[in-house]
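Going in written order, the chains are labelled A, B, C and D, and every chain counts its residues from 1.
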Amino acid sequence: MEELRKKAREALASGAAQVVLGYGKGSGKKARAVFIRKPDQADKLILDDSCVQNLAVYLKKPEVRALGKPAIVSRLPTMRALLQLASENQVAEKDLLVLGVSHDGKLLDLPEFKAMEDYVATAPLELTAEERAELDKIQKLSLDERWRYWQEQFAKCVKCYACRAACPLCYCANCLAECNQPQWLPVPSHQRGNLEWHIIRAMHLAGRCVSCGDCSRACPAGIPLHLLNRKLAEELFRNFKSRAGMSAKGEYALGVFKPEDKENFIK
Amino acid sequence: MAIDKKLLKKESLDQLFSRLKSSGRSILAPVNRGEQIFFEQVNSPGEMAKDYIQTTLSAKGAVFPRCEELFSYRFEAQEVKLEDRKSEPKPTVIFGLRPCDAASFAVLNSVFTWDYQDELFKSRLEKTAVIGLSCKKADEYCFCASVGGGPGETQGSDILLTELSSGNYLAEIVTDKGRDLAALAPELFGPAPAEDKEKNLAAVAKQFELKTLNAKLSQLFDKNQLWVEQSLRCLGCGACAFVCPACVCFDLQDEAGRKGGVRLRCWDSCGFSLFTLHTSGHNPRSVQSQRWRQRLMHKFAYMPERQNFVGCVGCGRCSRLCPADMNLIEHLKEIAENRE
Amino acid sequence: MTANLYKPYLMRIEKITEEAPGVRTFRLKFVNEDEGKNFSFQAGQFGLYSVFGEGESTFCIASSPTRQGYIECTFRQMGRVTTALARCEEGSVIGFRGPYGNIFPLPDWKGRNLLFVAGGIALPPLRCVIQNALDRRENFKDLTIIYGARTVADLVYKHELGEWSKRGDVKVITTVDPGGETPDWKGEVGFVPAVLEKAAPTSANTIALVCGPPIMIKLTLPVLAKLGFTPENIYSTLENRMKCGVGKCGRCNVGKLFVCKDGPVFTLAQLNTMPPEY
Amino acid sequence: MSEFEPKIIAFVCNWCTYAGADLTGTSRIKYASNVRMVRLPCTGRIDFMLLLKAFDQGADGIIVSGCHPGDCHYTAGNFHARRRWMVFRELLDFIGIDLRRIHFAWISAAEGGKFAEFVNQVTGEIKKLGPYESFQKAMSAGIE
């Protein structure tokens, strides 16, 4: 933690960054995003297991962008989000510094995206037994049970769009949920509106989601939205050996194809 | 009218529930759903969640559903036929509502009736009775005492129950509606217990003076820097508004096919950029800091002045559930203590 | 069933007038004649016009309460509802809720001069007052209308503008932005504030009504001040996005005031005390 | 009671399957009349949401069909579509939407016979499944 504060202080003092986007003490057991602009405020930074929010999400916020060049405290999901955003031309290497943190809390030296790519490439990205079990639990259900399970989950949705707001990859200036000519997605949070929204969200993130899990953490109703994304990420890897957020020049799995892609479901 | 104090034994709840049901009322009560607790229809007290501070969503939906039909229409050649909503609200008892949430119905009512009378809302409210439950526990997010409420506040409930050390309840019958409910099972309500109510209540400290906050707010509209700083980590979702028991803002939406359709009213949030966007592209509240300001101003400055109600009951949900840990009480204290 | 605030009157489109590219005026009559007989409104009020299946949109009532039996609205095709409105034909049925909002205090203006300054699609809210004043011409002294649009084609109520200027008891000055004139254009060429300054109407005993795009208003106000108008004698109307029209849905507020309840008519003196949220 | 006649919506590409269906007609091959066709420029244009909207509007089954791989009028639209369908099918299956109600096929402009055969086969299968009530019932919920 001290090492991080030191690095943050230096970055601000040298002018390498105008703002450090990191974690500070929040309410209860939570950590919260802090925006450190002066070297002497760097002591507000903390680094522990409560620091899970994907801070790359703040790059889409005009008020944060107005603060100047950021240095972003980044664990693996944040790094992957940054790489994915770079591959979608949403951030450029020169516009930010990465204060990388390894899974065991060590500071990483990641001077450029290449170093970040190398780090991400060595990180274990297979699902843990626990994560796999979460998926399997649903996959083992019968078709009807799965339908009922998700209908119950979606019934809790109030369409607050916290899942969208918390997602670093949901950056569209005009989300299709806000397009009304035609009203493609129903506005109200009735059952149809909720189902359509969650399907659209999952599909638009397929091949882009970096599995940070912030959608589920953000959901006030506790809907396990990350499972939809995880399921699709796994399928994309299984079928196309493609993972999002691995490279700043990565290909979008649904933007490319191979003639030999499997098609056993097509007559 | 004076409040009747009675004793309601814990064993009597089953009886009370069945009497309520046989009188044609449906009962909404907190139910566990995974780690969340929602108000759902129940038949017996056994289905209810135990030992919780606050439900995930409030019971607002009982009087102000998150999506409700206002009227429907049919297309017939060039003509349009309007039809009133067919389903009339059913008599409902909300059981186990916290005093803060119970107080929110009056806030909602103040908006729906301050000028034009919203009969659709009123008809739902009329059919709804509240058997509240005092709070034995509070957490750091609770601040009812700062906005005129309290963990054992009777205002808002028709009957307020307070769990005593024996597990039995002190039943305070507050309103005529409450008396009607008690009259369904008069034998269950015994003579008032001697035990002191206060010692069975959670401690919720007062954290700021409403009047000070109000006076400060009215000076702070154009202190842009304050609003930008406060809202820097706000992500601009609508979670705070949708979990809030006192947020009223809504949207009207048409959903129709070729033969006809419905006009719906659904919850909306002042935190969304679309909320005030003009068709021309102009937006009076174009950035999040302005929308955050609106949220605070509306609840703590405009509503007290226009509707005579604070638009907040201190339930703390917005802070508990905020994905960015926007802690409302922290920001309110900052404003109340503002020295500018 | 009790009265439903959100249930509109059904109105039949009796006449459609093409005013300018994308701009139409509808003349609406109550489908249920009894509803029409009990309906009244005053100058300045607005309504919510709905296309069933699409939603509602807010415009002023552009006709005068002195002309009974119908109401008129003028709109530009912009968003979802106005696009649907533009597809409507004569005879179609649409919805109308209203009248809502406050009014221009016409009775207080008896014996005074009225100066109307409008730009583009913002003439309709003033047209209601103009018609009203013309129908009660004896109540007012000099009437002056200064109206500008980008191009000649964009001027709305062209026919009426012609009639008003032929009357002789109204001074009508029309102008188009430089480059917007046609070879046979006989009006002024120039922006509204400049034309106003040149016309230099007296501020003595005069009420000024100003409606137009924000930039026009911004540049017109200093000219009016120069001419000696006090903020209490300058009126305008605000428009904010609305859904309910009855002070509940929470989006049209400017500070603590609701445009739908406390507006849409405000004096400049009032606007000066309000936060810039419009 | 009369036999259940399912409503089936076919989303087809303009260049192959639509022409194929034309050929079925001009060849006077008989096929089930349960299918309503929606013609789109290319399978790449068939937004996945269209399928859900069709179910929502009362469809009991859906056919999606276009040019064989390599034959796309726009070179690669069907290759892109194929990946998207793959992912979409996995998502639908995961959330409990019945994949037996959505059928995919490559049918060229020359395959009038295949079109008829395919439509008949799908219609038969959907008939066996019955109306898609679980979906339509759920979708009308949530309005008070």
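Just so it is clear, a residue touches a chain if its C-beta (ideal position, glycine included) is under 8 Å from a C-beta of that chain, and two chains touch if they have at least 3 such contacts.
Keep in mind the model is a prediction, meaning the values are calculated, not measured.
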Counting C-beta pairs in contact, does A-C beat B-D or the other way around?
B-D
Rounded to a whole Å, what is the gap between the Cα centroids of chain C and chain D?
51
Can you compute the centre-to-centre distance for chain A and chain C, using the mean CA position of each chain? Integer Å is fine.
48
In angstrom, rounded to a whole number, how far apart do the mean CA points of chain B and chain D lie?
46
For chain A paired with chain B, centre-to-centre distance based on mean C-alpha positions, whole Å:
32
Chain C: positions in contact with at least two other chains
79
Which residues of chain D are in contact with two or more other chains?
142-143
Provide the list of chain B residues touching at least two other chains, using ranges where the numbers run on.
67, 251, 253, 264
Going by the touch rule stated at the top, which chains touch which?
A-B, A-C, A-D, B-C, B-D
Residues of chain D that touch chain A when the two form their complex:
48-49, 52, 56, 69-70, 76, 79-80, 82-98, 103-106, 118, 134, 138-143
Counting only contacts in the complex, chain A reaches chain C at residues 180-181, 183
Contact footprint of chain B on chain D as seen in their complex:
57, 142-144
Contact set on chain A toward chain D in their complex
138-139, 141, 143-151, 155, 184, 188-196, 198-200, 202-203, 206-207, 228, 231-232, 235-236, 239-240, 253-255, 257, 259, 261-263, 265-267
Contacts from chain B onto chain D in the complex sit at residues 65, 67-69, 87, 257, 262, 264
